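Following this line, the structures themselves.
Look for chain A in each of the two complexes below; its partner is chain B in the first and chain C in the second.
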Partner chain A sequence: MIFQGCTDLTRETRRKWAGLLFVLPGMLAYLVWTIYPIFNGFYMSLFKWNLNPRIPNEFIGLSNYVKLFQDPQFYVALSNTIKYAVITVPFQLVLGLLVAVLLNRGKKGQTLFRLLYYLPVITSWVVVSVLFQYLFATRGGMINFLLKDVLHLIKTDIKWLAQTSTAMIPIYTLGIWKGIGWTMLIFLAGLQSIPKQLYEAARIDGAGGWKLFAKITMPLLRPTFVFQLVMLTIGGFNVFLSVLIMTGGGPRNSTQVLNTYMFKEAFEYFHFGYGAAIAVVFFIMVFTISQLQRRFLKSDPY
Partner chain B sequence: MSKLKRIITNLIIYILLVLGAVIMCFPFYYMIVTSLKESAYIFTVPPQLIPEPATLNNYVSVWTKADFKLYFWNSVKITIPAVLLNVFLSSLTAYGFARFRFPAKELWFSILIATLAVPGLLLTIPQFDMVRRVKFLMDNPFTIILTSGIGSVAFNAFFLRGFFEGIPIELEEAAELDGCNAFRTYWKVALPMARPALATLVILSFLGVWDDYFWPSLILRERSQWTLPIGILGFRAQHSVQWHLLFAGTMIAILPVLVIYITFQKYFVKTVAEGGLKL
Partner chain C sequence: MRMRKALLVLVAILAVGMLLAVEEITFWHTYSTNSGEYNLLTAKIIPEFEKAHPDIKVKETQVNYNDMRQRLIVGTAAGVLGDVIRMDIIWVPQFAEIEMLVPVDIVFAEDFAKVKDGFLPGPLSTCEWKGHYYGLPLDTNTQVLLWNRKLFEEVGLSEGPKTMDEFIKYAKLLTKDKNGDGQNDQWGYADGGLGPWNTIPWIYSFGGHILDSTNQKAEGFVNSEGSIRALQTVKDLFESGFVADTIIGGGGIGTFEGYAENIYSMILAGPWAWPIIRGQYPDAEINAVVFPAGDGGSRSVVGGENIVITETSEHKAASWEFVKYMTSHEVQKAFVEVSQMPVLKSLVEDQVIIEHPYFHVFMQQLTTAVARSPHPGWNQINDIMDQAWQDVIVADYGVKESLDYAVELIERVLAEYR
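So, the complex of A and B:
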């Protein structure tokens, strides 16, 4: 018995070291490439960071933050980012849910439809942004052609990306179009995890289509819904490449979002400290919003 | 009566699904059509929906004259090693968390999860500041291989851990009794069993590296090292209105993604839905 205990102990110790060795490379990489940059980001935001690494950086305390909260461009970017999230997230949720419900009903061809709806998701932002720029071109663009020559809704071509009043519209459209496939996929998984017996039992009790949807599908999809809402909101706040590629933040800042503004400050003007301050504020906001969403929506009333 | 009702309902469902699919896919169709057009036909009113005359010259032209051949191979040379590194490192980490007990394990894991919410771009400024201090790392494709390879280890480890824990442990215990050391057990027993999850990880990792534009564009400043996304935007900046050529270039970038996705699709749909939901 004693002997047995001894070998167990050594096996335990051996496995402890083996486990540490397994996670060591990944955790080291993670410390260097994620944890350190997070802290360094906070640190840099307190400095007038110098482009030339040999010149010491000047500590300026919270000046970057003071400047940020007095910067009208920051508020423009902030409001554009919030608008983007507020507009694109509900559309992605509702349309994705609609497609998932339809796909869940029609069994034939599900794989093909799923692929077709998922194509925009797997295509890179670079490609789809360039593509939407072409579709929304002023003269000879497909969207203007449809609106003017096919549907006769407008008389003259709209300068979608070239005027401040409409420049966000192609960006919203792209965000929604590209996101539907993802929400569909997650909702579809949520729908398929609902036990069929529940519906059968409710039908025996005389419940019809809408009632089934409202009383069974919606409540049981609630966790999926909250998960999606949080993920899509984080995604919405992170809107970046579509804006950078389609408008570069213009015309006259009308499409500037937080990420493009941060990019401009950090990598065009090389204000690394100021860019880092934007990043920190941005991070705190996104983190707070996602925590609030989780807290208020996760509690299951059923 | 109820049978007729069911047929009508199904008909409506399929009409809606087809309509939606047309909207989702039309932009791609129009891109393909444009990539087959001659330059005179790209902005005609009404727009041509079937290229007449159709030509493959645009593809030949961007591949040979506009350096897309170079960008394509640059992308391949970065993506393959980065994906291999990423999948290997992530599975090692996930397996360690799934199967072993060591001090502060759950603390480490919760730190991993907590940082999942940190948006990638927020790290970019300090990361760039790190890289630019080492001369060797700037303008070097190896940097992208390394950073993409270790990039999303936190998410991947979180995602894979559940799958390793879902595999029955008896097989691994049997392997250990047969004298396999921990690494051999992981390599010969656990990895093959986790194949569906690994396939999903390959897709995610491939998409992440192949499509990455922003980070590589900061590091790879020399044209000879550009990857496809940098090349596409570089081409657009130079020849702003040559959409037929540009879209031939984007098609070259899309095709490998399609091949990889369709190959691994059956694993992907299942595992992303199951794994992604546990957040």
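So, the complex of A and C:
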């Protein structure tokens, strides 16, 4: 009997240990590559950090933050980053949903179209950024050619990337174009998980196409929608490579975003402490926003 | 049995001894692996060095130019760097400031004093920070003006401009709206940006400056009269439509391509333009002159690489031997054959330069070329200058006002490193 009890206990503990072991690799990776850098970033932001580990770092308290909040370039980058998220996220959601609904209805060629719409997602940011640079070139660019020579909407070429008023437009466009495939795929999965019986029952009660969409599809897609909103917002705040490659933050710093600004301060100017301060502010902001989004949108109507 | 054991020990000692006697140094460089320079380096230069120094083995590591900076930063933080590095001249003061580079004028004082005077002063100045030298020049380059003969002849011109007045006159003649849609499709001049790499030829040829000769003062230099006139001139040329949009980052046809395709009549280019243009347009005719002279003469910008030894190296003396070898007369001369421009005074008038198809104009330009101020804050100064020029040309800010503001910002950067 005593033995019996002992093995039971061991089995229980063993299972716990086994579970822990299964989680361990992921947990360790998370601790080492996510949690540690966040704390280390905060620690670095309190110093005049020297790249060379043999030179002692000078503790300067919150000076980096004080400087940051007085830095006009930081506000430009901040506002551009927020604008990027505010503009690209809704477009990705709406267009992705539209494509998903269309694909969900059509039976023929669904796989092919799904693949085609998903293709931009898996192509490299570097490649498509260079491509968009060509598309939006002032002279000989495809967009100006379409607008001027084909559609006759404009008389002279638009200097898309070379003037401050329009330079963000190609960057937004790229972000939206590249993101639609992902939102489409997730929405498609969401759509296909909605039980068919609901639509059938509603049809019997006399509901039409729009009503079905508004009363069944939309509410049942809500969890998918919230998930996407949070993920896309985080993704939007992380905009980096497209800006770095297409404009490098110019002209006149008009397209600088937080990530490019942080990169420049840390890796170009060797202001690692200051760069870390930008990263910390950035982290707190994104974390807060995604928590708020989840809190306010989580409540399930059903 | 005992004999065998003793023998084994002896063999082991010998083997270890031999391993210890041969020092291996690693050489990080950015020569692209399909280039003539790389072939020469690996097939001839390094083997010959190893033959002359049987106790030193050189392991070369190729890094893409675009990855080199990241690699140096990560390597510095981790304390793992190559012993010897071929580094872009503008990075040297920045890495010297964080004490990652060996001050060769102190550590190898006697040798350094012997070789110092053999180098061209422009390239040598890029190794200096706070009175010490953190490496030796390895190769150099500058930019000159390429002119397109076909387009020139169409408007009755037969030679590239010699003076700034000629340049302005020609740029106007060479800008055309060929299809009559109200927009230019051929330009007098094109360049790829407004940063100091592109604008130093303008600023200095107009008699202007960025910093003073000690690299400690911007006031009265960034906003000197010549600097103002240089910026004003480029602005006027751009507004008149004589300069293609590429200069403000409008995208589209690159300067080399546009030059070869008879779209841009004049461009600013380094010696790498030849292999790049010829690679795509084997029959392209390339004509070059020194940058048009203004009140400050014909000035251009110094580019190139220095060869440095890292503080983390455990083989500093062996590394120095390799550095001396790489900057020696014979090695520098051998590299000319594969189109690397030398840094030694003794090679300027050498037959090998005179016979080279296009080095002559560059060597001529180099005699007056200006180095971008060797200063650890250069990246910031660079961006501030770029911004000031963009403010004026892209956004219509006043010339004096923009340069005065640049002075204020640059003075702050200079103060950071005092």
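By definition in this document, the second predicted complex is superposed on the first by the 267 of 302 C-alpha atoms of A that agree within 3 Å, B and C clash if a C-alpha of one lies under 4 Å from a C-alpha of the other, contacts with A are read in each partner's own complex, and residues count from 1 in each chain.
One rule holds for everything that comes next: a residue touches a chain if its C-beta (ideal position, glycine included) is under 8 Å from a C-beta of that chain, and two chains touch if they have at least 3 such contacts.
Please read all numbers here as calculations on a predicted model, not as lab measurements.
Partners chain B and chain C, once the complexes are superposed on chain A, run into each other and clash.
In the superposition on chain A, no contact is made by A:151 with either chain B or chain C.
When the two complexes are overlaid on their common chain A, residue A:162 makes contact with chain C while staying clear of chain B.
Of the two partner chains placed by the overlay, only chain B lies in contact with A:188; chain C stays clear of it. Touch counts on chain A: comparing chain C and chain B, the chain ahead is B. Once chain A of one complex is fitted onto chain A of the other, the partner contacts of A:140 extend to both chain B and chain C.
After overlaying the two complexes on the shared chain, residue contacts for A:250 are found with chain C alone; chain B is out of touch.
In the superposed pair of complexes, A:53 makes contact with chain B and with chain C alike. Of the two partner chains placed around the shared chain by superposition, neither chain B nor chain C is touched by A:204. Applying the stated contact rule after C-alpha superposition, one finds that A:267 touches each of chain B and chain C.
Overlaying the two complexes on chain A leaves one chain B stretch of 7-15, 25-33 or 133-141 clashing with chain C, which is 133-141.
Shared interface residues of chain A, touching chain B in one complex and chain C in the other, are 53, 134, 137, 139-140, 267. Contacts from chain A toward chain B in the complex involve residues 12, 15-23, 25-27, 29-30, 33-38, 40-41, 44, 49, 53, 99, 102-103, 105-106, 109, 111, 113-117, 119-120, 122-128, 130-132, 134-135, 137, 139-140, 142, 145, 149, 177, 180-181, 185-186, 188-190, 223-224, 227, 231, 234, 237-238, 240-241, 245, 259, 262-263, 266-267, 272, 275-276, 279-280, 282-283, 286-287, 290. By the touch criterion given at the top, residues 69-70, 73, 76-77, 79, 94, 98-100, 182-183, 185, 244-245, 248-253, 311, 376-377, 379-380, 383, 386-387, 390-391, 394-395 of chain C touch chain A in their complex.
Of all residues in chain B, those touching chain A in their complex are 9-10, 13-14, 16-17, 20-21, 23-25, 27-28, 30-31, 34, 42-47, 89-90, 92-93, 95-97, 99-103, 105, 108, 111-112, 115, 117-130, 132-133, 147, 150-151, 153-154, 157, 181-183, 186, 207, 210-211, 213-214, 218, 229, 232-233, 236, 243, 246-247, 250, 253-254, 257-258, 261-262, 265, 269, 272-274, 276-277, 279. Residue ranges of chain A in contact with chain C, taken from their complex: 50-55, 133-134, 136-141, 155-157, 159-164, 247-248, 250-253, 264, 267-270.
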